[in-house]
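These are the structures in question, set out in turn.
Two complexes come next, and they have one chain in common, subunit A, joined by subunit B in the first and subunit C in the second.
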Partner chain A sequence: MEGLLNYYAADSFIHRLNPTLKLAGIMALMVAVTMAFDPWTPLAFFLLGLFMLKVLARVPVRQFIRPLLLFVVLGALGFISANAFFYTPLPGRPVTILWQAGGVRIILEGIRVGISLTLRMLAIVTLSILFVSTTDPTDFVLSLIQQARFPFRLGYGILVAYRFLPLWRTELEIIRAAHRIRGAGERPTLRGRWEQLQRYAVPLLASAIRKSERVAIAMDSKAFGALPQRTYYRDVHVRPMDWAFLAGCVLAAAAIVWGMAQLGLLEGYGVVPEA
Partner chain B sequence: MAWIDVRHLTVRYPRAPRPALQDVSFQAERGETLLLLGPSGSGKSTLGLCLAGLIPDSVPAAMQGEVFIGGQNIANLSVGQRTAQVGIVFQDPEAQFCMLTVEDEVAFGLENMALPREEMGARIAESLRLVGLEERRRERVDRLSGGQKQRLALACALARRPSILFLDEPTANLDPAARFEFFQWLARLRAEQPETTIIIVEHILDDLIAMIDRVMLLSHEGRLVLSGAPAQVFQTNGEVLDEMGIWLPQVTALARKLRAAGLPLDHLPLTVDEAEEALAGILPRGPLPAEPPRRVQGVSAGGPPALEARRLSFRYRADAPEVLRDLSLTVPQGAFMALVGPNGAGKTTLALHFVDILRPPAGRVFLLGRDITELTTADITAQVGFVFQNPEHQFVERTVEAELAYSLRVRRRPESEIAQLTDALLASFGLTPYRKMNPFALSQGQKRRLSVATMLAVGQRILILDEPTFGQDRNTAHALMERLQTLHAAGVTILAITHDMQLVADYAGSAVAVVDGQVRFQGTPHALFANEELVAVAELRPPPLYQLARRFGLRYGDGTSPLSIREWMALLQGAPAAGGPAKRG
Partner chain C sequence: MTGERRARGSLAILIGGAVLGIAAVVVYWFASHEEEAWVSWNSLHAVMLAAMGVAAGVAIGSSAEVRRWTTWESILTAVLGGVIGILFWLWGLFWELLEFIKAGIPGYGYAVRDLFYGLWFLAAIMVPYIVRRPGAALSAEMVGAIISSLLGQQWGLTVLISGLAQGGLAEVVFALRGYKHYDWLTLMAASAGAALGSWIVDYAFWYNTLRVDIVILMLIARFISAAVLSGWLGKALSDALAATGVLDNTALGRARIGG
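The block that comes next holds the complex of A and B.
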């Protein structure tokens, strides 16, 4: 019953970073990669992300291989094939036709664009995995509240919701089992599924509403939000290392972009390759 | 002036047909321990929410009357000041925490008071010590047992240093040993903090009543109808308590019966200690029979066992620990078997294998002698009914009557037959007046009856129930058990997973204890409780009447002791105890 992507508890340099600054650094890399339109720059960012994930954060491959493969397949099927068939060149640019039959043709430049898109997506996915699998959710929310002035009521709401996720899954399984015993077989037809969903939804919602009311009352009974200010037992610190990580990310992004430009591989960032 | 002074409190929830509390007035001193009794829906929890000032702020409801705490009208206090006075422990261990670790959870309530960090550290340590969780300070909340969670909830309340503790059915979800332990910690707390006023809502009173100073009883209408010392309340108001379905301590229930039978008892005992004193003069002379009375064992059809597990092992995930370990169990046809053991021992997991919800490997689980893996879902559900702990989980239709007809419609029985069977079930379970109602709108007792009825619709001969008496008052639990007894007499095999020791003592013909995924005991309830080592590892509590019998050294020839009121009555009145179903007091 594990989700596709989870926090992977471990002790590493990346794990110990302040969540907010870690997020800022990783976001810097993500923004940098979105602006590169060639295949090589996103590839460099993708490899950098993998390096941080595997070597610096020591997250085992099995932890992130499934979501990654999912996006590889998605990219290959979606972006690459769509662009190969439907690529529209900039006006006045020649295209290289690899294969043609009737009105259908496969264009080399289209494949290139598709690969670039796929690699950009993979780089962003890898960086997201890097953040999610190395950040304790409680620390993340506390850090958002303490460092990023995130409203604490909302923050704690998110924490409670997160705590309850596995409970709902268990609850849904119990309801499914209970209904199966009633002789309510799960029918594969669309209508059957719809009716089934309705039948599961009522007890699940009834219980969800009841439980969330209870938690809300329990939190209120401990004076949650009674004072405009609250103190924190667990301080999420900001250390020089966190700022160094942020600076490092910005520098790495700049270095990659600059290096790619020097090699003449960069497109995007206002750089247009010569015809 | 009393520390708590409630004056003419009336509370009405929006769209409710009548007020939840009506004109309730009472006072309580510092250090008093009050027990709040009442049928479900009598406003017990509402009273706690009012004291803590959560009504009308957090819970929308119209409130009239006044609440004074420490001489101050709480309506004039800020939300922070109000909640600082009252610490609440709620019933549901799963729905009162919002943080992931023990110390963060305790800290949560202190952070809201904006305490400095150094003081929080000290208070966390202190409150965890008071409930015996100091070793678990950095543990994740979801790794705690139910009993530990409720003690954590108590610690969270204590850390805020309230003058009043309101405990709202804190042990309802716990197994018997955990309940006993919770009360032990509470007794210790009372000794250490004699200034704290404790108000506790509870149903099962045997291990609690000794520390209660005063009992208050709320009626169905939310009126405060009785208030006084426990002995006095139980002594003179038997009929009122019976009518409202209030559980009495078992020794009290026994003494009432004895008094009604004309035995000289000038006051009713509340605890086993008191009962030992009160009954000393009227104990039976001479030896007890060689064996305890046998319970009627239904109509046994002979033939293959109703349910059987052979060397069954199970784990939920490949990397998870084994929940069932090479477990073997035979449930003969016509049995009325109680399945007991600690939370998490594998009782429900085992039961789910008997209906193929959890799929066993071939050759491990047998239904009426046939390998369950070779049967279709329709075959299985035609033979076995399974009543889940929460009846709502099983409801699939919008009216009571459609709910009962559902399994029959799925099986495409003719409509005339469906109508006939549905009517018969409605009548026999007392649900006819509610036939057009939505199942979710029924009361707890009605929901439970409906869920049992639906499981018998297609003529199932085997009924598995998960905690059938959970959360019910004495009258509804009693009615349900009588119903099961009737079914059993008609030949239905019953397997009940339960923490209710009174159910085991009064109704079960046999008992099975599952500990750590293995059957550690199978035999009569008498033999179960006589095995003291087992009672400890299975986290059970011997029924109070058994404890009392042991105090007096009352043993049958086989070394076991009386468990139920019926047996005691037979012994003391000299009437034969054997035969007939046991009755609950």
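The block that comes next holds the complex of A and C.
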């Protein structure tokens, strides 16, 4: 199934990293960026993500430009407008009111924070693209099982679910055809779509359940999970380089925050307005 | 499943959640009351940390329980979670249409939009209602989050944290009911738990600069939305599926047949 993001098969430093530790490192960067409220810190994280995506992972621009632009435009509209109207000032800081009519006012600092939040979203989306486009989903699940103590029964279930993804579109086409041949038409209106959703949801889910029951029986008949020791058709390893990447991410986050503080660009890092 | 195993499962999950939830707050308290503390105590931070601690503890308790599931239960949970994950992803695209509507209302648009949020808890309600096993709510919600993030969502990998909090707090409700009762009360309380989890994570990541009254309104909107789009819809869909007979070999199907 074609998602907005897809795995981009290639060989690079980032591609070769262990998925679990790569996820941990990227998550550390994401959490660090959420504590910033000035526009410059998220911008730095965004550029770091872009650098890793383009230079370290060698993912071509056409692979990620479409989702990036889409999310940026939509995010910017939402965050900037919301914060212009509903901004909570940090404790003890004045606000500049640009425009006021009745209870509605537009706050300059709110627009600033809106820009910061848009850049935050940019940074988070870029870092997510970095993970999704450099990680084979199968390796990701195997690594979760082998390194993160994720329950293997559920892990293999996810592999089955992932393998089935392209099938659901075909399945939906079959169900639609079956409905049409019996004279149940489709209408393109919003109400028509809602009715179709109701009509197709149950058969689609029922077929998914039937398929998963067959898969489960097949797995049981091959003694899946019957013995205490487990072997894998692919072993995912942890190398010193993976730990180095995790450490590098934490250090990079600390360096960005420290550097911004030195430059005097950091504002209210980690401070949440008290209720 | 015997009553004894159900009781053990609910105990393991509740203890795990309580221990890590309390531990998170205690560590934070000590960190903020040091001589040269680099963080200052903030009640909102404490609540967020406690919720994330509870979710993490529930995850540890659940993963021990999932190892005892049958192959059929785990594949069913994962496949249903995966199909609902596609729905989560599509809902994320639909959500962006609401962004325009919301931006057009210079008022309480944020809270109005959250009336559509509840669908993202569907896996955490529907799958435990069908499978009725300790850990099902968290597992299904996590699978949905993993699949939808792999397909590419605007919130990126933060949906994994959302999935953990939503599924984790819904799981707490099922555990408190001892994995014996799957009535309206339980389903509604579980969807409210998931709504609370989503709100805490979203507040931390996106909304902590907004005015408090708006944020509280958003929470109320999510409670309403969760009751309809995951509580009611999850039960209705599951019952409709059970009526077709495909769920006869699940706990829900057996409960329908055997009474």
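Assume the second predicted complex is superposed on the first by the 235 of 275 C-alpha atoms of A that agree within 3 Å, B and C clash if a C-alpha of one lies under 4 Å from a C-alpha of the other, contacts with A are read in each partner's own complex, and residues count from 1 in each chain.
As a convention for this text, a contact is a pair of C-beta atoms (placed from the backbone, for glycine too) under 8 Å apart; a residue touches a chain by one contact, two chains touch by 3 or more.
Here the structure is a predicted model, which means the values were calculated and not measured.
Here subunit B and subunit C are compared by how many residues of subunit A each touches, and C touches more. Applying the stated contact rule after C-alpha superposition, one finds that A:Thr231 touches subunit B and leaves subunit C untouched. Of the two partner chains placed around the shared chain by superposition, subunit C is the only one that A:Ile26 touches, whereas subunit B remains out of contact. Once chain A of one complex is fitted onto chain A of the other, the partner contacts of A:Val132 are limited to subunit C, with no touch recorded for subunit B. In the superposed model, A:Gly192 lies in contact with neither subunit B nor subunit C. Of the two partner chains placed by superposition, only subunit C is touched by A:Phe71; subunit B is not.
With both structures placed on the common chain, the touch criterion links A:Gly248 to neither subunit B nor subunit C. In the overlay built on the shared chain, the residue A:Ile124 is in contact with subunit C alone; subunit B does not reach it. Contacts of A:Ala206 after superposition on the shared chain: both subunit B and subunit C are touched. When the two structures are aligned on the shared chain, A:Ala216 is found in touch with subunit B and with subunit C. Looking at subunit A, you'll find residues 1, 137, 156, 160, 202, 206, 210-211, 215-217, 219-220, 224-225 touch subunit B in one structure and subunit C in the other. Within the complex, the subunit C residues that touch subunit A are 39, 42-45, 63, 66-67, 69-72, 74-83, 85-86, 89, 96, 99-100, 102-103, 106-107, 109-110, 139, 143, 146-147, 149-158, 161, 204-206, 208-212, 214, 237, 240-241, 244, 246-247, 249.
Residues of subunit A touching subunit C in their complex: 1, 3-6, 23, 26-27, 30, 34, 37, 67, 70-71, 74-75, 77-79, 81-83, 85-88, 104, 110, 113, 117, 121, 124-125, 127-129, 131-132, 137, 140, 149-151, 153-154, 156-158, 160-162, 164-165, 168, 201-202, 204-206, 208-213, 215-217, 219-220, 224-225, 270, 272-275.
Put simply, subunit B touches subunit A in their complex at residues 49, 52, 54, 57-59, 78-80, 83-84, 86-88, 90, 92, 94-100, 103-104, 107-117, 120-121, 124, 142, 156, 160, 317, 352, 355, 357, 377-378, 381, 385-386, 388, 390, 392-396, 406-407, 410-411, 440, 454-455, 458. Note for the complex: subunit A touches subunit B at residues 1, 137-138, 156, 159-160, 163, 166-167, 174-175, 177-185, 199, 202-203, 206-207, 210-211, 214-227, 229-235.
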